[in-house]
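Here subunit A shows up in two complexes: once beside subunit B, once beside subunit C.
Take a look at the complex of A and B:
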């Protein structure tokens, strides 16, 4: 085979890998100290790009000044995120800050969009564009600068952590926050410093990448976070030099993936690599020795609290009111509640997996997609009646979902979250690319409406009743399971995996059972959604829905069945309630979410 | 301090108020319901719609036209929200026609609700071939790709003389449909399609994809993409050192292409059904008015939205501002003046408009100009 193109693919992989590395360094730094995957990192990167754009456009600054402004601006933003958004959540639980970063990211993205308009903007390259011939292609000065800043900052950070007093304080805080504080380390200051450095780096990354493509827009955050997290994971959680290697390896994998199979498979390769690394070398590729992962071994990942005990008559009364609601003529309200209840099917599934068993899944919407496509294809291709197809879709989802998540079963804490995030992306990409089965990007059109015994359910009212009945049924079943020995085994695994195993609980088997039960409910939910919409494609159940589902579950209280339903209905209704706020709607939603996390991190009804 | 109870109580009060707004008295002014993205990843398109709707209504009002107004509900182009909006609209007696949503994912999920309620869903951007098959209340003025792609193929293959083509397309229902139709048309005209590559929305790194394309040795590249993607692709094509001419579908036509693409888009060939320098009087009037109100040149999305609101006004004038009136009117109305089509008449069986005009354009000195017939140098 010719060497020529492979040299080009390698160079291209390294160039894009550079960008991932720059993102991953900041994420790794924050993870190392705060033990937190900062989902707002991509938003800081976007803010950095816009600060650069504004200073070039309005102040006509030369490159060094532009970069300085970005560093200062994003550094301050990082400090603000730590001080205002996260410090108050300290020591409550691991999951509250994670959720807070998701909320902060939402708010930042919305602010950028409101201030700078959603239009893409050109960000002119101030470096001049000298290009050097390498192989069949060229690299420019900007490519070299991006690589220089990535590697240079990683080296500087390495030296800083190793040889300065503040660096020692950072490492001490990373190892044991309480012990560090006892030794007189001002851990708040350490956290703040780390957020400032990481955010400044993220912002610089945003500007440089924006210049590289000459295109910035307010929606570049999510992809940036996603690729940065994957790169960091490959390098090893919290491993700063490893992040560089992780980024480059990710870039190379994508590039070779494109070379072999074409560009629509690039992300499939990226996420397959992620899963492979997580299974084969969960500490990342660049850990020198096998250290125990910096993860809580006991249940500190989930907040402890006393659940709010709702009297049974209140719950029963609420169900009766909900069942009678269609008699008032409020179709918009009913549709919103139906959407909320369909989300509740997903939330019930996730609250079992994440709350009761402690496996925080960030790819749960994939179960809806599997259910929707299974039922849709059974109806369209095999002519199955919908009332047979929907339960069959539930079973298919249970089986397929458990199988897919199988590699993640022996993982803990953040590793599960990232693995499920990857699996969720893989499912969406397979749906998109397996055109022969799923019709690819065209989606499934003309799906028949839900039916029972040959009667089509087309009115809002009848669909609402159907979904309500399903939610109540599955909730009762789940409550029954939780009070059985199965529920105790699940909670034992959550509280202390090792202890549970040493008592003879086969943890993997019980986790698989939770995913199977949860998969059934979510699959049925996805199937009904598909038939109500009559059209689904690979974007109908997107990654943002997975994150939304997690916020629903945490908002309701992890593991709390009534809480999950409440969280789903509230978070579906909130954006509808804020319609009066028009352009500010999602900003208001993000702020309310942040307030809820701040004042009620254990969820509305508390963790069970 | 704001505690949970007062927060929730406040939210609930707001909620009840907002849910109760639907379905008010019928004697209020006639209202067009618009479902589209104002926030989220597609927000830029919603903003473009708004600009054109406001302009069209302002002009109609100044000319003493009928009292029509619109409400714009933000769907984020998300099906969960577009179905809720659909319920809100169909149960609001003031609303006599619905426009949107932007993406097929969101539009087609809401179609069954509009169809059952007998409210016309006018999908002005919904080119998915199955959109109007959702029922006899689904209508669209979107340019049919079945019409545009053979035109583009003719431009690329016959006029520009590109016989070995590589196609890059957006991996969505629109991009895939466009690619399939283009490939078929180009092959019918005797061209070879040596590579097709799909990319995801939002993707920015095309270097490795372009290496694949380079090694397939095409004489020309064809882009089935929107302007932002096309600009990024064109820059990387030139950075890689590829000199082949690029031809692109009409949706790249936007002043933003020039801004984002810079030098790299010079020499790009495209066609547009809307071109501000088009001497037709309806185009000139629109461009002048838009420029005066917003201080910038309109693009194709602006033109489509402007046409649509004018169509609604014409329907109200000739028929009535009622749901049935609109449904009957769309089948009967003839030769509505249009920036995009010259004049619009719907085919009552496909519920789409035929006969879009395509101007052949090229980018020269950072401006779109009419193509002067010079073939590119294929050296």
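Take a look at the complex of A and C:
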């Protein structure tokens, strides 16, 4: 009988599903009261794992005390996140706190890395590893503990929400924050409580998963956040019991997926499931009422401001100075600026999509990856000259990017962000797994340098000029589009898509056009980057870069073309100049993002 | 021009619109009145494509447009304003009005299947003379529309709409709707939140539109204005038609008086508590 292994896969899926459920329940609770997808949740989970590791390693605590310390530590961390990071953003556009949690997660992850070193650590399983035979499979003591904690915390949460006064307050706040406040509910306290509970659950999840795999590292946050979000979306945004079901379902899907296709497909299954749910059942699988359409969650992050009007001579002068820079013999400066300008190609694309059209894309770096791979493969496999391959890569990225994002075009607000995040991950995973085309984890090596008309551009100076010319060209083109009826239509969709559609603006069509134009620029950027580096792999353009690009765009002012270039150059070049260690760099980016959202949402040059 | 038959919409257990029939002929001015919650705005949403009816049909110029997308209805010449005002806050007053003229763009929006969007991008990047001329003409037209509001909007045409007063935002809504050159103009409480002078001014403007032969469907609470302007009035309560006919007849219809008084006395009872 082949039942034994399947039983193991089922047990394994349910155990991992329990962990996902712990994460998803916290995310759902927080979404319920704060209307916010907490992207720092995975970081709290990592912190939980490290608190567990530290207390076992240094204090030699027994399991109950370890868990208690994790619960207290993470609960306090949750309170701090709510109090320091988010409370001040109350009443701002709904995407603002979401972006803030991204900043918080960058900061937390870097702090963990700085304090505990980036190397993986072994987290000992304090229960020993006894396994019991059941049916054809086995179940370990830790499995039972995880299941017990999962069921136990669900039961406790149910009792809390159902029978305590504070629990009622939580549910009232989730229904209607303003009404709850008017009835005398201290919603600040409710928020704090919910963050504490959610974070404690997340932290416990982190320790348990660390024990399960006997391995923790500071990079596990992002994955955990994503899995929690996927599980929550399956259950329906903010639906607490649904989140438990979603977690278990996700765990089982992954486990069976691994059984059938191998472990490198694990995440692909998770994200494919996410996109499927977003497209087919945006209210989640467990919500039956259909009368209320998915909560629009509109409100872009475009602050009401008047953009700083830079005099044309200043912009032209800056371009001239930039063009003359290579004449001073400063290869290191040029190198840095080239990197900054390459980022600017991504930032220009994102400022159009996220700023002008208001679709906060969290997976934009995937466009660079598509462009880089398209041009690289055209050169390596088909022998295309690079000066033909790069524009072709731009067109391929425009087409493929628009096609990929197509299911997300009819979504709004948070859903767009989650969908683009998922699509970005899917692109990276397809590149990793489609070995026949992309050479998988090996990446593309030995890419030829950029060329124009048969002349290789190998010197730092010539590459700089090429990238500068591209940035200026695309920026001018983009400015022209913005001044046409397209700019008007795009911004109208951002401001109020219902009103825009009522006046005949086909929102999907214009969003697709923005993604196509943005895809072209980003694709060219990715292609040039690939040829300049001469090597890329599936991690070259990671999700971190997507977040960084968003920071650049917010720094410059959303939708602001000059701002995007300025933001890209500043955020790339400044850390170089101050010679920050790479570790501190992400910390700085996280802080910049947090401070901007809090104090200057319109960025340096203002939103357009 | 507009034929609504048996239109119904339920939200959960509540029936917001229960089988409404309504006809509007070319050049006619029809008003819809009724107490708050009578289903007037829901009816507007059903007719303008923002919500799909559970039953019934809508025909516009003989074409069945039941449940059609709002883009299509706009293209057919139906423009509406919103009860609570939905101007594009970060767009200038002029740009708001120009978005209203979106369906009139011809040179900039080639009607080619599949490749239309790409051509449109290319045209916006190249900006050939025909596109530029069209844009200039639209701008001139938009300024003419702004001028209809005296000096309320014209001096502020380049200001972002979020800085406008409430009354001015209502005016921008109407200017935006007029820019579509609508065959049917639907206005949802255009004078809400306006003082008496402003209301009188708005009434003047709407009377002017009517004199020009504009077909208008109006939701309005200010009965005096309804009585003066309307050719025909539809009174609703609880999603149903309770009276329909010439303004004077509807005003003295016992069902209408009952609906208003009934609600009014309830309102007083609440206020007394």
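In this section, the second predicted complex is superposed on the first by the 533 of 608 C-alpha atoms of A that agree within 3 Å, B and C clash if a C-alpha of one lies under 4 Å from a C-alpha of the other, contacts with A are read in each partner's own complex, and residues count from 1 in each chain.
In this section, a contact is a pair of C-beta atoms (placed from the backbone, for glycine too) under 8 Å apart; a residue touches a chain by one contact, two chains touch by 3 or more.
Bear in mind that the values here come from a model prediction, so they are computed numbers and not experimental data.
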Between subunit B and subunit C, positioned on subunit A by superposition, is the outcome a clash or a fit?
fit
Which chain makes contact with more of the residues of subunit A, subunit B or else subunit C?
B
Contacts for A:577 in the overlay, against subunit B (first) and subunit C (second): which applies, first, second, both or neither?
first
By the touch definition at the top of the document, which applies to A:175: first (subunit B), second (subunit C), both, or neither?
neither
Between subunit B and subunit C, whom does A:492 touch in the aligned arrangement: first, second, both, or neither?
second
Once the shared chain is lined up, is A:501 touching subunit B (first), subunit C (second), both, or neither of them?
second
Where does A:586 make contact in the superposed view: on subunit B (first), on subunit C (second), on both, or on neither?
first
Kindly classify A:164 by the partners it touches after superposition: subunit B alone (first), subunit C alone (second), both, or neither?
neither
Is A:57 contacted by the first partner subunit B, the second partner subunit C, both or neither?
neither
In the superposed arrangement, does A:339 touch subunit B (first), subunit C (second), both or neither?
first
Shortest CA-CA distance between subunit B and subunit C [superposed frame, angstrom]
24
Taking the two structures together, which residues of subunit A meet both subunit B and subunit C?
none
Give the list of subunit B residues in touch with subunit A in this complex.
2-4, 7, 11, 14-15, 17-19, 22, 38-41, 43-44, 47, 72-74, 76, 79-81, 83-84, 86-88, 90-91, 103-105, 108-109, 111-113, 116, 128, 130, 133-134, 171-173, 175-177, 197-200, 202-209, 211-212, 214-215, 228, 231-232, 235, 239-241, 256, 259-262
Residues of subunit C that touch subunit A when the two form their complex:
10-12, 48-50, 69-71, 73-75, 79-80, 82, 86-91, 95, 98-100, 102-103, 105, 108-109, 117-118, 120-121, 124-125, 127, 131, 135, 160, 162, 176, 180
Touching residues (chain side subunit A, partner subunit B) in the complex:
5, 8-9, 12-13, 15-16, 110, 113, 117-120, 122, 131, 133, 136-138, 140, 213-215, 217-220, 223, 254-255, 258-259, 262-264, 266-267, 330-336, 339, 343, 432, 440-443, 445-446, 449, 458, 460, 532-537, 539-540, 572-580, 582-583, 585-586, 592, 595-596, 599-600, 604
Subunit A to subunit C touching residues, read off their complex:
289, 291, 302, 304, 306, 477, 480-481, 484-486, 488-489, 491-492, 494-496, 498-506, 509, 512-513, 516-517, 607
